[in-house]
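Sending over a structure as structure tokens; questions will come in a sec.
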Amino acid sequence: MEVITREIKLGTGGNNEIHDLTPHVQREVEDSGLRKGAVLVFVGGATAAITTLEFEPGLLKDLPAALEKIAPYRADYEHHKTWGDYNGSAHVRAALLGPSLTVPFNDGRLALGTWQQIVLMDFDTRPRSRSVLLQIMGVR
Amino acid sequence: MEVITREIKLGTGGNNEIHDLTPHVQREVEDSGLRKGAVLVFVGGATAAITTLEFEPGLLKDLPAALEKIAPYRADYEHHKTWGDYNGSAHVRAALLGPSLTVPFNDGRLALGTWQQIVLMDFDTRPRSRSVLLQIMGVR
Amino acid sequence: MEVITREIKLGTGGNNEIHDLTPHVQREVEDSGLRKGAVLVFVGGATAAITTLEFEPGLLKDLPAALEKIAPYRADYEHHKTWGDYNGSAHVRAALLGPSLTVPFNDGRLALGTWQQIVLMDFDTRPRSRSVLLQIMGVR
């Protein structure tokens, strides 16, 4: 087995913006030359998350709407007292979803469902430059 | 290290049905001959999820009841406008829980707590045939 | 590639207590001698969870407050009928967050953001002794 590291850099608008990472991850797995294994998709930072979602316009609104119930944007957060910023909601949402996802691949193809995409959600309250690390582990 | 792929196929009733995958996963890890490593349990598809739960009848009702607060079955979802189906709730719940889990094993035994089982939750609104991929990575 | 297992033992107070595991995990990765790979952080047991969080006093209150909306401590849970205990809320919260997290490392350093820590949350209703297993997989 081998470990190959790749990085995806992207700019986001924050505010629950959701990005489809699937083509990027698929391409990096193919480029790695590994045929069978798993790719760890990890975002550094505590106000963004990685999960899977059918990437269609309706769900890009529905998922943030559900998270608004759990961690409303305009609530009082203790976090705001610590830093004087206003992204407490972003931190809570990110902790609930988690910063990473591991996806298996065989014959160099990600084992996703047809309507299942790997997505980055950025919950921060301002545009951010994000670095997503791919740790590709497997055999040739 | 080696990578060994196994598949668990199962039929579910959807509608928040929860299945205990632990015996299947444990058996496949033993059959793999690997003694030490990690097994990635991954469900392809955007309306089911993998997590751990004490598999007892009470919690099989309690966990869906909590998710009903976040993503009620009978709410209006933008997703319904895209496809004319009614499983927006299923998509949101699945994205929150996530499609995968990685469990360590040593001496061929999953490192779960006694009251902790690996479960598949199927949120879709109809019976489904599900494929759960196991990517077993480790050493003999 | 190699697999190296380490264990972190800690006592918690339960009741949503959050512990920063980052220094422990970083030290074990360094001690392992592996330079590039991923560490699986896994808690055995169905009433605790692992995620990442900016470890500051405000968020240690904000995250439990959000979970209280989803799975209130003082609600009726079917789980209580099964066992006659009162930690249904703990089980639901733990299932939502999940018992594991995988973090990549390169040059022996965890690829976390500056304000992003690996945390254990213990939701149980009483003090617990917890064992967190680290499965460190990678190359020298």
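Chains here go by letter, A, B and C, matching the order in which they are written, and residues are numbered from 1 within each.
Note that a residue touches a chain if its C-beta (ideal position, glycine included) is under 8 Å from a C-beta of that chain, and two chains touch if they have at least 3 such contacts.
Since we're looking at a predicted model, the values are computed, not measured.
Overlaying the C-alpha trace of chain A on that of chain B calls for a turn of 120°, given as a multiple of 5. Of all residue numbers seen at the chain B-chain C contact, under half occur in both copies; the interface is built from largely non-matching residues. Between the CA-based centres of chain B and chain C the separation comes to 19 Å, rounded to the whole angstrom. Touching of two or more other chains is recorded for residues 1, 69-70, 96, 98, 102, 137 of chain A.
Residue ranges on chain A touching chain B, taken from their complex, read 1, 36-38, 51-54, 56-59, 61-63, 66, 69-70, 96-98, 101-104, 106, 111-113, 115-117, 137-139.
Within the complex, the chain B residues that touch chain A are 1-3, 5, 40, 42, 44-46, 69-71, 77-83, 88, 91-92, 94-96, 98-100, 102, 133, 135, 137.
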